[in-house]
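I've put the structures underneath this note.
Next come two complexes, and both contain chain A; in the first it sits with chain B, in the second with chain C.
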Partner chain A sequence: MAEKSPDMGGKIGYVLLGATKAEGGTRSVSYHPGGETDLPFTGMKAWEGSVPLVAFEICDDPGYWSPIVTSYTGDLVSDTPEWARTAEKQYGADLVRLYLTSTKRRGFDDFPSITKVMEGVLSGTGLPLVVEGSNEPAIDSEVFQRCGEAGQGERLLLGTAEAGRYRSVAAAAMAYNHSVVAQSPIDINLAKQLNILLREIGLKADHMMIDPYTGSLGYGFEYSYSVMERIRYAALKGDTDLAMPMITSATDSLSVKEVRDAGPAVRDDIAVAWEFYAALSSAVAGSSIVCVRHPKTVPLLKQAFRELWAGKMPGEA
Partner chain B sequence: MPTITFLPSYRKITVDPGNTILDAIQRAQIQMNVVCGGQGKCGKCIVFIKGGTVEFDREKFGKFFTADELGQGACLACQAVVRDDLHVMIPESSLIQQQKILMESLGIETAFQPSVWKYYVVLSPPTLEDPSPDLTRLVWGVQKQGGPLAEKMYAPLDVLRGMPRVLRDSGWRVTATLALVPGGYRIIDLEKGDTRPGLYGVAIDLGTTTVVASIRSLVDGHVVGIASNYNRQISCGEDILSRVNFARKNGLPKLQALAAESINLAITSAANGAGIDLEDIYEVVVAGNTIMTHILLGIDPAYMIEEPYVPVVRRYLTTSAPRLGIEVAKNASVFLFPAVSDFIGGDIIADILASGMGERDEISLLVDIGTNFEVVLGNRDWMFSCAGAAGPALEGGEVLFGMRANPGAIERITIDPVTLESEFQTINSIKPVGICGSGLIDLLADLLRACVVDRTGRINTGIVHPRIRQGTHYPEYVIAWKSESGNNKDIVITENDIKNLIMSKASVLAACITLMKEAGITRTELSTIYFSGAFGNYIHKENAIMIGLIPEVPIEQIKNIGNGAVEGANMALINRKKRKTLDEIAKNIAYIELNAEPSFMDEYTGSSFLPHTDLSLFPGVQKMLDECRLKKSPLGVP
Partner chain C sequence: MALKALDIYKLLPKKNCKECGDPTCLTFAMKLASGKGDVEKCPYLDLNAKNILGASTRPPIQLVKIGVGERRFAVGEEFVVFRHEKTFYHPPGIMFQVSDLWPAETIESVTRRVGSEHFVRVGTDLTFSGVAITNESGDPDVFAKAVGVVEATGTHIPEVLMASDPAVQEEGLKKCGNFRPLIYSATRDTYKPMCALARKFGSPLVVTAKDPQTLGEMTKLCNAEGITDLLLDLSFPSLRDYLPAATEIRQKSISRSAPELGYPIFLDTTRYQMQDTALVLGIDKYAGVIVTPALPPASSVAALTLRQNIYTDPQKPIQMNPGIYPVGTPGKDSPVLLTVNFSLTYFTVQGYLESSRVPCYMFIVDTEGLSVLTAVAAGKLNETLVRDSIKKFDLENLVSHRRLIIPGYASPLSGKIEDETGWKVQVGPRDAAELGDYLVKEWKI
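== the complex of A and B ==
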């Protein structure tokens, strides 16, 4: 590997995800993504930052989930806490990302159910959680308050803040000391704008992760890649409004044409391959957390990261 | 043939069936507000059918009207086809109104070196002993009066034809008007008696929207009259692209005639105001954008609006007034400013001349904002320029209650950062009916200061206040209540209006920054920012910086050159030496094609924020914003 490139002066900030007992929570592990001073794979060491983490995505209403995943997984998907536990114990994920898809139902107003789901998943797994709240401005405030409250002390990563709707999620994060996923549509300037907006309403930089928005491999991923590279360059050159670790999701992969059109015999393999390569590429572009949905993708990614990142394991010093 | 009666004036006109109401309106010479050129896109040419029926697609164009308006027979004049006799009510709001136009330009000293002169001569009549021809007598007489050498002067045929009568009828006492032309002097007029004081020239700013004429005495150089009016081409489309499209559809002769007519109207009204005879105007200098200049010359502008955007001519041109239809002295010459490109025209060269930036060592930035904007950066040694579309938002277009600077437009506004109440001032101090560009800039700056909008321009609907509410389509801020407005409506600004405004200002700022980066210049190296055009005179400079319309420099370094086009044309009129430098200036300006500049899009997104994503470019604004936030709780979550 090449010599370490000249020091650009900047450093990616750390974000605390999950809180162990010592940190005031109940998680069995916590992570500190961030800390990079260079682009991935350009230094003497594989990477100065942490090894990329693999988040496994689940939801509380599988009716909104990819049939590839639900048919592979079976009845488990109807039991959200058990699904979370399986992600940890069986698939070997580093984090669980919970989508509150139940809030997509028309006229959703069963807010107490959110607290219940949150409590169930928090007891089902000891892993740190990423929680994706509603996607509907009318209920955002209530949903995010419930998530934030249920996860108080657990240092959740709450999503998703966008330029058009960021106040509710940021308010909940600030009230209960969680972090926020800040997503913008594949553009360095828009990413920066959103981070500034969040900063200006009082969210600290060490409570934000950037989701640059990643298309699937072969379906626009190259744009995401170059934007991620530019975001990282800007941060390393000292732009503190972009110096946050990144989180990416490869889940569009499950709906690309090649996967949809694949025969039943090979569909899972193709889906896994597509997720794997998209997630791996995101990690190479600088993503600290990659999110996937197919159970078989998780161990493959873990192995790839372990080998590429020179044997360092998540959570190790 | 159907007869159309226009209300409230009861003007009548007959047209062939199948014409639109707009055709009839134009034939009746009613000055209607046609922003899109009759494409049914802008919804400004609203009329009400009060009698008879028309063909009009209410489904398709329904979005421009309220149910109430439709009930009263509202339709778009450009889309309503006449079949039978009609009574058509034209509301005041659909007419072009008297606009506030900048008349005062700031004077820069320049040498008085005109290119036309008058000589009064008293000649001895010919005799058998001295049978020299009339012309020989005249040129010798002029030379004796201190004029040019006799052999350098010549007379065109029409002057020669009139010469024997004028000389003899006047008892050999005549005034000859001479014009400097390549290779010598042309006698362009011969008048009886002493008419030396009657020597004038006119400087014209031929704008897409307005035409300004400024008449100067060429005996001593002082301004004697100035007047302006709308460019009559507006009836063929408001923006320049609609004009070119009109020209493409065999409309060039009409546009050319309207350009000349607009100039004639401005000259006539300036001349009448000063008590001057049009026949005494011997020289015309025109500064206009490249497309307007082409149209005035009757040259097809079509190839300038399509790739690779090529004008027919870039150099300065001279021709005679009658050939263009300009009604002044019949042998008067017309001087037309050169252009840099199809987008940087003679008006900008005139701006540069008026600002004097091309004669100094210090670096200046010149910004000319209209529907299109032009930016020039540089000094005596080098210059970069670029142009782009700012969109109509800064002039009040694409904004729900946006309007031109007409009576009733809110031109100044402040918002109390604590109570969020507004305080405003309208043109002519009448009840407000809308808001014009300078008001919009004030408004946006104060909404930002008051934390009503965030830095992307989104309205914080979490703030509980009667003025902040969810409108029909977008969140909005109420500027003036129905009870205080002049149109019986709440005057509001919507989040969508703000978005359009930000898009407009972002393109100007991104262009400035792109040029500065191209030249390796930082904002601290800018000695002056010049605003050209009326716009610059009316806006609050602090607010223009607050929203990031231009790069931040100390306020005292921002100067308005007023109507730079007419000022520059004036300089060329009274100082012929300046004209020679124009081609040189134009040739030395590098034109940066923003579309071909990969970094422009980045700059644009960075600038689509208030004032910019990079606050280090706006240290003063950053300080101000921090202070504003200290006073407020910005989160505003209910």
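== the complex of A and C ==
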């Protein structure tokens, strides 16, 4: 086995995602990403840490979603709770990541609908949830409040906090005991700075995950890959401000030219390949949760992680 | 341990004879210290000095060349464990596997595909690297015939000859031994005859063992036979063992704590069920040569793009040549959109412009590869550059109007550009994704 560098004494902290009945929630499973003491998929000591998790991304207004996914999936995308259930039962995802794209509509003010969507998805799937709230600072506070409240006790992962726009999401997370996605633009120092800002307003380190921002393959992925490696390595060397597990999503994968312009016969396969290559490489660089949008990418990633991971898989005793 | 330049200098003749190609012994010493020099270039070194220098001044990972001619490639000569520490220099060769049991037409079509298929990304030609011919028949004549089929295509692509029996290997080499094919592979039992073949044909050689330590012992044995162009093959039953072992080999060779492991890694993905996964691991982490079944069209570009990404120099953004690039078939009254020559910006903007279906000109100015935001902040993107570029690329004769769309992040420059060029400036969106909408709503002539 590889020699651990002598200067590696750090450990990635744990974050609790989802809460089972025993933990005060209603999820059928909960996860504890974190705990790694060595480079991804290596290590000398009995595979400390956690296998990367696969999150399937859905949304509550498919008008804002990739036509590749909506045409592959069909009518299901208009039934958000059922879409979430399918992600769990049929695609085999570990988590569901819900984007509240309905809030992108101009002049959105139907806040009760958020509570309704949240309740629907929570009853549709027993998996832990990642919830992406509004895209509009003016309605952040109301949207995140609704998400947090609807998911009370469920240990959601709420996103997304950015420098200059993190108070609403952090406030909702702290009020209802959820965790936060902290996103910075492909820069290790900005990632660290944001974590410190969040800590200073009272969010605990075990309630944060780092999103270093992931460019899609061929469109900046190399920068994201290296920033992930740097963050992971800095944490292993003992920088506790960077020792949170990472969540990554190459969200542009399905809209880059190579995928968008592919012929109908190969379009789905190309979409899956672009998602798979970026997501697996992100896990190799240190990401604990990788997120994808094409249903066919999920089982491929799960199979790859099962093959590469010598430790326990989620759900295994 | 690596020696410092001054320590090396002490061992040199200090004649400043220039016969090594360097102006002084000190500059030669500095080159050696950085791992870029070749001890053999100094004709006056005594054997003792050569031995001391040889082990510590060759690159921590041996450079190995495979194939000849235009398509030959080199792997190894890497200096870091993580690409952010400097860069990775030599992308892995991806070789499509063919079997000597296959019909000649199939072997031929895979070979021709590797020979001619190429994808252009970021102004670079991306190709697969060669073919690996496996001896599944066990028969030397069948193997030689398959190698002959590959040769007869005239594609001149690099080859790996995968025959573990030295007698079979030799029959293959007789067909293509002049072209530096990679010999696969030497084990503890066969290293002597395999080294003899490597010597006879001047070919690089793969050594196979089940753990890094045994590999290290094997490279020493091969060195003693006079063979130093080696690759390391880890014959694991499970893909799970690849990353820990490849990481160990990379760490120990870079730190020079185990110089006997200082060779590129060979990864045969056909050994595993999950070949896509193996390919990704090999590209991300340290493989020099990867053998894979011919990839389906869907994952071909993804694989080559990932390889290009990982082997891009992080300190040197890929740049586009400045100039005018048409999107669709624009005419005299089509919009002109200015942006910078950072490749990522260029390709993102180009992608959205193409999908907007509005024919236009992309007007790329030379910001030395900086993005819009940084080029504006650093003053690289300024009114003088725009003025000079308009003249240089003859924009005034290309279009009949005098209106220029600039990126949203360059809005502070709009007034100055108008004053300097006499063109009317329109400020475009900050996010390239909004370009389609923008052109439809804001471009009227």
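By definition in this document, the second predicted complex is superposed on the first by the 301 of 317 C-alpha atoms of A that agree within 3 Å, B and C clash if a C-alpha of one lies under 4 Å from a C-alpha of the other, contacts with A are read in each partner's own complex, and residues count from 1 in each chain.
Keep this in mind: a contact is a pair of C-beta atoms (placed from the backbone, for glycine too) under 8 Å apart; a residue touches a chain by one contact, two chains touch by 3 or more.
Nothing here was measured: the structure is a model prediction, and the numbers come from that model.
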Superposed partners chain B and chain C on chain A - clash or fit: fit
- line: In this superposition, the partner of chain A with more touched residues, chain B or chain C, is C
Query: Can A:205 be said to touch chain B (first), chain C (second), both, or neither?
result: neither
Touching partner for A:8 - first (chain B), second (chain C), both, neither: neither
Message: One more residue to check, A:29. First (chain B), second (chain C), both or neither?
response: neither
Message: According to the stated criteria, A:218 is in contact with first (chain B), second (chain C), both, or neither; which is it?
response: second
- prompt: Once the two complexes are overlaid, how big is the angle at chain A between chain B and chain C (Cα centres, nearest 10°)?
  reply: 70
Task: Could you tell me if A:196 is touching chain B, chain C, both of them or neither one (first, second, both, neither)?
output: first
- request: Give one of first, second, both or neither to describe whether A:309 is in contact with chain B, with chain C, with both, or with none.
  value: second
- prompt: Counting only touches as set out at the top, which of chain B and chain C does A:276 meet: first, second, both, neither?
  reply: second
After superposition on chain A, the shortest CA separation from chain B to chain C (Å): 5
- prompt: What does chain C use to touch chain A in their complex?
  reply: 82-84, 121-122, 238-240, 243-245, 247-248, 251-252, 273-274, 276-277, 280-281, 283-285, 296-299, 301-303, 305-306, 308-310, 312, 314, 344, 347-348, 350-351, 354-355
Field: In the complex, chain A residues that touch chain C
entry: 1-3, 5, 39-43, 215, 217-223, 225-227, 229-230, 233, 256-258, 260-261, 266, 269-270, 272-274, 276-278, 280-281, 284-285, 300, 303-304, 307-310
Query: Tell me, which parts of chain A touch chain B in their complex?
result: 141, 163-164, 167-168, 170-171, 174, 187-190, 192-193, 196-197, 200-202, 241
- prompt: What does chain B use to touch chain A in their complex?
  reply: 454-456, 458, 460, 462, 602, 605-606, 608-609, 613, 629, 634-638
